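Each of the next two complexes has chain A plus one other chain: chain B in the first, chain C in the second.
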Partner chain A sequence: MKTMISLDSVEKTFGRQIVIPSFSLSIYSGEFLTLLGPSGCGKTTLMRMIAGFETPSAGEIYLDGQRVTDVPPYQRDMNMVFQHYALFPHMNVTDNILFGLKMKKVPAAEQRTRLQQVLELTQLSDLANRRPKQLSGGQQQRVAIARAIINNPKVLLLDEPLGALDFQLRKSLQLELKNLQKNLGITFVYVTHDQEEAMSMSDRIAVMNQGRIEQLGTPEEIYHHPHNRFVATFVGENNILTTKSGVHRGRTFAIRPEKVILAPISGRAPLSSPLPSSSNPSTYSSPLPSSSAPSTHSPRHTPPFPLSPSVQPTNTPPVPHHHLGTIQDISFHGNLHKIFVKLDGEESIVMAHQYDTPSFQPGQQVTIHWHPEDEVILH
Partner chain B sequence: MNNKGKYLAYPSLIWLTLFFLFPLMIIVLLSFFQRGLYGDIIYEWTLANYARFFEPLYLHIFFDTIIISVLTTCCCLILGYPLSYMISRMSSSWQNIWLLLVMIPFWINFLVRSYAWVIILRSQGLLNTLLLQLGLIDQPLSLLYNPTAVLIGLVYTLLPFMVLPIYVSLEQLDRRKLEAAYDLGATPSRAFWHITVPLTLPGIVTGSILVFVGTIGMFVVPEIMGGAKSSMLGNVIQNQFLSARDWPFGSTLSIMVILFSLILIYLYNRAVQAQQDERG
Partner chain C sequence: MNNHQTDHHHNNPPHRKNRKHPQNLRHRLLFGYSLAVLGFLYLPILVLILYSFNDSRINAVWSGFTGKWYLALLDNRRVLEALFNSLSIAVTTTIIATILGTLAAIALHRYTFRFQKTWNSLFYLPILIPDILMGLSLLVLFSQLAIPLGKTTIIIAHITFSLSFVVVIVSARLAGMGKELEEAAQDLGASPLHTFRYVTLPLISPGIIASAMLTFTMSLDDFVISFFVSGPNSTTLPLYIYGLVKRGVSPEINALSTLLIVTTILFIVLAEFFRRKDTDDDTKKQLPF
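And then the complex of A and B:
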């Protein structure tokens, strides 16, 4: 695959504070790469260095094979969609969108045709004469995107572009952005702290923490095979446990709440936590991930979707990793219940997701187990 | 607002009514009366004072005053904008120091400051002495008592009124808009003309109005630095009240200055309003 952006040992320090220690990353042509991390992890600084608003303290940046480390932003063949849109208030939608072409002195006829294309693509044709202040947040975001893509950049940088929008609008714009990226074939570099957004849109995700990449991979790899504790807990919800005995004593592993199986202590067949097979998790590839299930209250802590169907409990052979526990709390999240179980004789509280109506009560004694292959060993 | 809150405004309202509105009404009334033989006032209605304003002598002074006001405004803008821009780019501690430097002249008596310029510019003054000592000139330059000297004095006096409003609007300018312009291919100079100037226009207009209106009514600077030859409308008004003892005509001239300023302020408000409507 062709490399579009190459960051080679890039470093950034502000005064004595090291924001980005030596950082290398290759971004492929035409891919949708997300820099995901908590606020202050350096993802925005990294993007501003790619855009040219900050100069790296050390290292080199290449765009399509050309060294651009010291090239000013107005000479880089990439465009940015800003977090708060940064539209020009004294210009209408048309003039905002045409600004880039005017600066590059593109002939007027070509300006008009490209304007029409972009207005249609972003569904802004009816708003062409409005001023930014007369537009809603979602419409302003569309103008910001139109203003960037009309320049046919090699790379589109998006700095938390949906952060200021409400939940429903964010969902629909996520899809629009993803489709736009597929249709245009432009390399997208997307910055967000929203792991669900990152999951649903990206080809690859770079999970960042303290200026470093904790893990780089596809959404599936990140979700199912987190390399370390940070990734395991930052992306989706996870139970982090430590093996107390046996050969693997002291080993830390993660087990997703939807993989935890609870059963009443009375000896009935264990209830499975995953989704019933009727609503299978193929929602990943469907165009409307949010419509298949009622939205949850807290997207930040909820895995966006179960990524693999799991074994039906009836054929489950007796398995190890059995524990006894007491249900401490049950919380309702629309499409699922979160059940918090305190393991007997331990400090740990394990969370289990239950997608059908739970037959449990707080205070109830349960057995708790999971399949060993669902454990993810953390390093 | 709380209903009781309005009582707080009463002291200043009473003050303004007694010492501003009331005298202003007297001036308006006076402008319609006649001057008596010995500078007294004959209380008979007349429009003769207004007719006299349109005599060539006074129209000439009026237009001269407008020209020098326009020149002063332009000079203040050309000098003031870069200064404001520089200050707005500094770190906040340096900004405070520079804003202080801009405002310090306000603390010093206006007359003293004007005479300081006389000391600098007169034929045996600092500047001429320096140039003579350096051998750059043989004869002292006549830098004082001409229109240029008046312009220098006016620009010096009114520059802070240009710098401060522009500084405020530059401070409010969202830097991300500039970054967006750079990102879209605008060089720094094109971003300045396409983004910075239009977005700081309110500051430019406010500063220009303040300087222009301030210049039109000015009489101290032309009096001290302009000598006998150059006189502006403010000097004529001063003369009518003090030397000629023609209070009715002095009042008429004052009313004309006020009217002209009000028209300008009205036009300014309308322009700003239209701009805000455009922006939604």
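And then the complex of A and C:
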């Protein structure tokens, strides 16, 4: 695949503060790449360096094979959609959109045909004579996109372009943007802190933290195979657990809440449960970073299982994925219920997603397990 | 009189028990107070305007309506000379101060300096310096440099005190604009010069026009500073009026002052209109000084 943007050991420092330590990334031609990270992780600074508004303190930036590190923004063949749209308030929609072509002295006839195409593409034909103030947020966003893509840039940079819009509009514009990118074949570099938005639109996601890439991969890779704890908890919800004993003692792993399987047991006769885990050597302990379970329901004390590893016969394969627990809380989220289970004899609370109406009650005893292949080992 | 009114008001605390119409009474008191303040502010000006139409030469006696004092002004060579001086000084001051102040505001907006706050304060400080100090210090400066007093020195002095107002007003406009629009223009291929021509200048022009009008008005009205730095043949209207008053207040002075007041009010209203033009509601509320 052809590389469109190449960042080679780019660094950025403001005064004594290092915002981006040596950073390298290749963005392929025609791909939708998202820089995803919490606010202050350096993703906007990185994008501003690509656009030319900031000069890297060290390193080089290449656009389509050309070195552009010191090239001013008005000579870079890329356009940006700003977070707050940055539409010119003293011009109407048409003049806003034509601004780039006028600056490049494109012939008037071509300006008109390209304007018509872009107006249709962004469904703005009826609003061509309005001023930005007379438009809704979604319409302003469309003008900002139209103003950028009319220039046929090699790269379109989008800095949290949907951040200021309400939920419904954001959803529909996400789809529009993705389709636009597919149809135009322009390389999109998208900055957001919204992991759901990143997942639904991107070809590749670069998860960033403190100026570094924590993981670079497709949304599927990022979600199903997070490399480390930061990615595992920043993207989607996760249970982070540590193996406390056994062969893999001290190992941290993640288990997605939708992979956790709960089954009710009779609270009165826990020992009759078919669980082989009664002599389980593996126990888990860790706080749950992606959720905080309210502890209003104190778990009923139940007869403890013999958790001591000493009674474990060495020739029996351990089954570390079965546990007993008490439901602490259930919260309703429309399409799913989140069930918080405190593991018996442990501090850790595991969250499970239940998509059908659960028959569980807070305080109820349950068995909790997952398939070993769903565990993701974190480094 | 004003103080007395204030004290009176404070002696009637609003929570004082009044069984019948406490709300009503309070409103009436406040209304009366407001009227008194307005009268205090504008009555003298109204009287002056009224007597500029008085047929009698003596201010205290009203003997009929006339416009003859205004016509008499047109025949007075010295009045016309002072008017010409004032206008030429005001126009020159306005042009130079507006350009210099706008450039300074843009520099303060665009670049980050060492001691940025100090620079900003240095620009705003002259607004707070008493006119008499400014006039005196400028007079000392001009005599040290052996610059002959006249129109030129008045213009320099007027530019000096107007500059701060221009910087403040244009800076407010630039701050309201932010940096994103200029970046957007550059992103769309506009060179710095084109960015200024097509984005920055149109957006701050209401501020520039407003500060130009304010500068013009202040230059036209200034007495104290002009008094210190004027020379022979550079008598401005306020200086001429002051010279006349020493020989008693005549209806001509009233007419001349009325014209000055009307011009001033007109320009201030226009300046406010332009300053507020196209700004958001929240920036409308902040005063430029």
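Criterion: the second predicted complex is superposed on the first by the 325 of 379 C-alpha atoms of A that agree within 3 Å, B and C clash if a C-alpha of one lies under 4 Å from a C-alpha of the other, contacts with A are read in each partner's own complex, and residues count from 1 in each chain.
The rule is simple: contacts are C-beta pairs under 8 Å (C-beta built on N, C-alpha and C of every residue); 3 or more make two chains touch, one makes a residue touch a chain.
The structure presented is a predicted model; accordingly, all values stated were derived computationally and were not measured.
> So, does A:72 touch the first partner chain B, the second partner chain C, both, or neither?
A:72 contacts both chain B and chain C.
> Which partner chains sit in contact with A:134 here, chain B, chain C, both or neither? Use first/second/both/neither.
A:134 sits against chain B, while chain C stays out of touch.
> Regarding the shared-chain residue A:103, is it in contact with chain B (first), chain C (second), both, or neither?
both
> Using the touch definition from the top, say if A:86 reaches chain B (first), chain C (second), both or neither.
both
> Touching A:334 in the superposition: chain B (first), chain C (second), both, neither?
Once the two structures are laid over each other on A, A:334 reaches no partner at all.
> Of the partners chain B and chain C, which touch A:372 in the superposed model: first, second, both, neither?
It touches nothing on chain B or chain C.
> On chain A, what residues does chain B touch that chain C touches as well?
On chain A, the residues that contact chain B in one structure and chain C in the other are 51-53, 72-75, 79-80, 82, 84, 86-90, 99-100, 103-104, 147-148, 151.
> Which residues of chain A touch chain C in their complex?
Residue list for chain A touching chain C: 51-53, 72-75, 79-80, 82, 84, 86-90, 99-100, 103-104, 147-148, 151.
> Spell out the residues on chain A that touch chain B in their complex, using ranges where they run on.
That would be residues 51-53, 72-75, 79-80, 82, 84, 86-90, 99-100, 103-104, 130-134, 147-148, 151 of chain A.
> For the complex, which residues does chain B have touching chain A?
It is residues 174, 176-177, 179-187, 190, 194-195, 198-199, 275, 278-280 of chain B that touch chain A.
> Which residues of chain C touch chain A in their complex?
Residues in contact with chain A: 180-181, 183-191, 194-195, 198-199, 202-203, 278.
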